[in-house]
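Here come two complexes built around chain A, the first alongside chain B, the second alongside chain C.
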Partner chain A sequence: MTALSDALRLIVTGDADVWHITAVSLFVSLAALTLATAAGVPLGYALAHARGRAARSVSSLLHTLTALPTVVVGLLLYFTLSASGPLGWMELLYTRAAMVVGQTVLALPIVAALTLVAVQRLPAAAFETAASLGLSPMTRLVVLVGEARGAIVSALLLAFARVFTELGAAVILGGNIRGETRTLTTVIALEHTKGDDARALALGVILLAIALAVNTLVHSRWVRGAR
Partner chain B sequence: MSVVRARDLAVGYDGRAVATVAQLTIGSGDRVIVAGPNGSGKTTVLKTLARLLAPVAGTLEGVGAGPGGAIYVHPSPFLFEGSGLDNVLLGAHGARDDAMQALDALDAAPFARAHVRTMSNGQRQRIALARALAARPAVLLLDEADSGLDGDGQAAWRQVVATRRDIAIVVAAHRTNGEVPGARCYVLSAGAVPVLVPVPGALSPEP
Partner chain C sequence: MILTIPMTRFLLAAALTVATACAPPADTLRIATTTSVDNSGLLEAILPAFTRDTGYRVHVIATGSGQAINLGRRGDVAMLITHEPIGERALFDDGLVRYYRKFMFNRFVIAGPPGDPARVSRAASAVDAMRRIAAAGAPFASRGDESGTHVREKTLWAAAGVRPAGSLLIETGQGMASTLRVASERQSYVLTDEATLAQLAPVVAIGVLFMRDDALSNTYAVSILTTTRPHRSPAAESLARWLAEGPARDLIAGFEAGGRQVFFPWPPDADTLTPESMPGATRQ
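== the complex of A and B ==
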């Protein structure tokens, strides 16, 4: 209960630090989700149409990548983005941009793999109708993804939940720099190591409340109403 | 001028023939009935003529799928999310005049702005036919797609069949005495791999 009242006090008193941390968390995760959607939905859609062994390999690889440990993604990107790494010249390490890259890598397989399944499960008549009407490839993508939108939106929710609550990539790539790259999860870990478990728990409550609110809102608006 | 020419055409899935078409030429504005019992391959023949399935063997010439070509309509049509008008506009590829004309032809304009989920089966069928018409097809292939029409829809559809001589219409039906005036009849013969053959002298009555 103290955690809950601490959380409420933190929110009500408008602790500037907490607001900033929450804003950074949301910004990084939403930016990553946007990028993963822009790339993952067309990728999953294209794979749903592809035949042959190569397409099957790519889709099973995608399904495997949904289980990528966040710390491993953080580490691999750390080596890539560090000063001596191949992309070191971009000087992205310990910035929000680096965190966005890390979370995009985590979200992309979920979005692509579940879009693939959602589009594959559409009735054959949907594909045949689109083909018979001679719809352009772009129109076809729009209407068929539209038909599968219930399942795709719930894939986006799952991807958001994964990146918004992850710690490994955020802390390794962001570096937990105050006022810059601190997020709810990285600060929770930090406060815990400092021994301030009350504050850590309070931030945990905020994290949970946001995740819950986003899920409830999107679910009632999109997933339940759609086929 | 013919829009579809098939000779020794084997139709099927994954390289396996389920039926064959000995010889079939569909001219511009023709009316053709493809009859046969359930499971005899009517749908496979129509989908192949509509270029939705690749031929297994033989010769198939003529128009391709899409606007100005062959348009196939399912027995219980698939309508995309949105209003009836949205669907017909997809068929018209954005040409609003074509869409409105097609809706009028099927007497479907009054309910076209409703969401397809709220429509009756008969209304959905009319929207699907209007969507197909709006694509200005050379040949329309209906897989028993007129069977679910309600009274008003049937009257409107008969009018389309009677007046739109610019469109060839192929209808799959259980029997050859379908309600397509002036149609040539073909039937899928019995057998392991049915063959589509003409029914001599079987013409549906003129209106």
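== the complex of A and C ==
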């Protein structure tokens, strides 16, 4: 209960640090989700139509990658983005951009794999209608993805929840730099380490509240309504 | 699959936009520091003055000295604050050091349960204290993370010629504060820097039992390595000199944690250039 009142006080008093940290968390996760959606939805859609062994391998690979451990993604990208790694010249390590890259890698398999399932499960009539109208491939994608929007929005929600609440990749790639790459999850871990459990819990309440609110709002607006 | 080609182009464009929006600007300096210096609030207290004086903004990665040195070797940070003389010496041996100064010090202390079952408070030296802990079969919480504190602990065990047996050595693999919490929960002994213990004192049930020995001097050094990118060097040198030779000395002396001074500026007459140098026994 004290955690709850501390959290409310942090929100009400408008602690500048907390606002900034929350904004960074949302920016990184939403940017990653946007990139993952732009790539993952078309990829899942294309795979739903593709035949043959290669397509099946890619599909099962995507399903496997949905279980990628966040800390492994963080570590592999760390070696890639480090100054002595292949992409070191970009100077991306310990920036928000690096965190966006990491979270995109985490979100992409979820979006693509679940889009694939969603499109596959559309009734045959939807495909026949789309084909009979003689639509361009792009328009057909928009129409069929629109038909499956309930399941796809649900996939996006899942992907958002995964990246918004993860710590492993965020702390390795962002470095928890105050005012730059400090997010809700990395600051919670830090405050606990520093011994300020009250603040850690209060920040935890904020993280939880945002995750729940986004889920509830989007679910009631898009997922349930789309059936 | 045709659709993924324009998508790839879009993704690249989007990624580049995000990258340029997020890459650190030229007036930004990224440093790695041992956790005690950052978690105690010291950097937060003194760095705004540096930014005001020079215009350089500082991004701080707080981590163990072992990883900080590793980040320096890889060129991922422009400057290091460490308290690990052995690892710092290795940087010299590898010819990687461009600037090095000892700039402040405090003490390691041996903390433990108030009952002190191993009678550490009566030890004649730090090494004797470690022997007493091992002989009493008391548990000892170790960082186990190649941090400066962990390296010092291993040096003391080696000098003592003993180590706690098996499960009596609790390796946390975490930072100093987390390790102090574990030590408190398990009522074990622990080697810690005094700043972090002072800060955690309200939430842990362990206290200082032994501190009077030069072997427990905790010395902090600032270094710039040859791996530092040329365009980051001016900022790095500016901060290093500000810390070691500039106005930071007074700010460090004036900084308090838990109501008392926890870091001491390096004595002007003591050697600043070698990792093994000590501030001098009289000042402990």
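Keep in mind that, in the parts below, the second predicted complex is superposed on the first by the 227 of 227 C-alpha atoms of A that agree within 3 Å, B and C clash if a C-alpha of one lies under 4 Å from a C-alpha of the other, contacts with A are read in each partner's own complex, and residues count from 1 in each chain.
Assume a residue touches a chain if its C-beta (ideal position, glycine included) is under 8 Å from a C-beta of that chain, and two chains touch if they have at least 3 such contacts.
What you see is a predicted model; the values in this text were computed from it and never measured.
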{"item": "Which of chain B and chain C A:Leu133 touches, first, second, both or neither", "value": "first"}
{"item": "Partner chain in contact with A:Glu91 - chain B first, chain C second, else both or neither", "value": "second"}
{"item": "Touching partner for A:Gly195 - first (chain B), second (chain C), both, neither", "value": "second"}
{"item": "Partner chain(s) touched by A:Ala46 [first = chain B, second = chain C, both, neither]", "value": "second"}
{"item": "Touching partner for A:Ala38 - first (chain B), second (chain C), both, neither", "value": "second"}
{"item": "Chain C versus chain B, contacts on chain A by residue", "value": "C"}
{"item": "Partner chain(s) touched by A:Ala83 [first = chain B, second = chain C, both, neither]", "value": "second"}
{"item": "First, second, both or neither for A:Ala125, with chain B first and chain C second", "value": "first"}
{"item": "Touched partner set for A:Leu141, first chain B, second chain C, both or neither", "value": "second"}
{"item": "Touch list for chain A against partner chain B, complex", "value": "123, 125-126, 128-129, 131-135, 139, 143, 146-147, 149"}
{"item": "List of chain B residues in touch with chain A within their complex", "value": "47, 50, 52, 65-67, 69-72, 74, 77-78, 80-81, 90-91, 93, 131-132, 135"}
{"item": "List of chain A residues in touch with chain C within their complex", "value": "31, 34-35, 38-39, 42-43, 45-46, 50, 82-84, 88, 90-98, 100-101, 137-138, 141, 175-178, 180, 190, 192-195, 197"}
{"item": "Footprint of chain A on chain C - complex, ascending", "value": "1-4, 7-8, 10-11, 14-15, 18-19, 21-24, 30, 35, 39, 44, 59-62, 74-76, 174-175, 177-178, 181, 199-200, 202-203, 227, 229"}
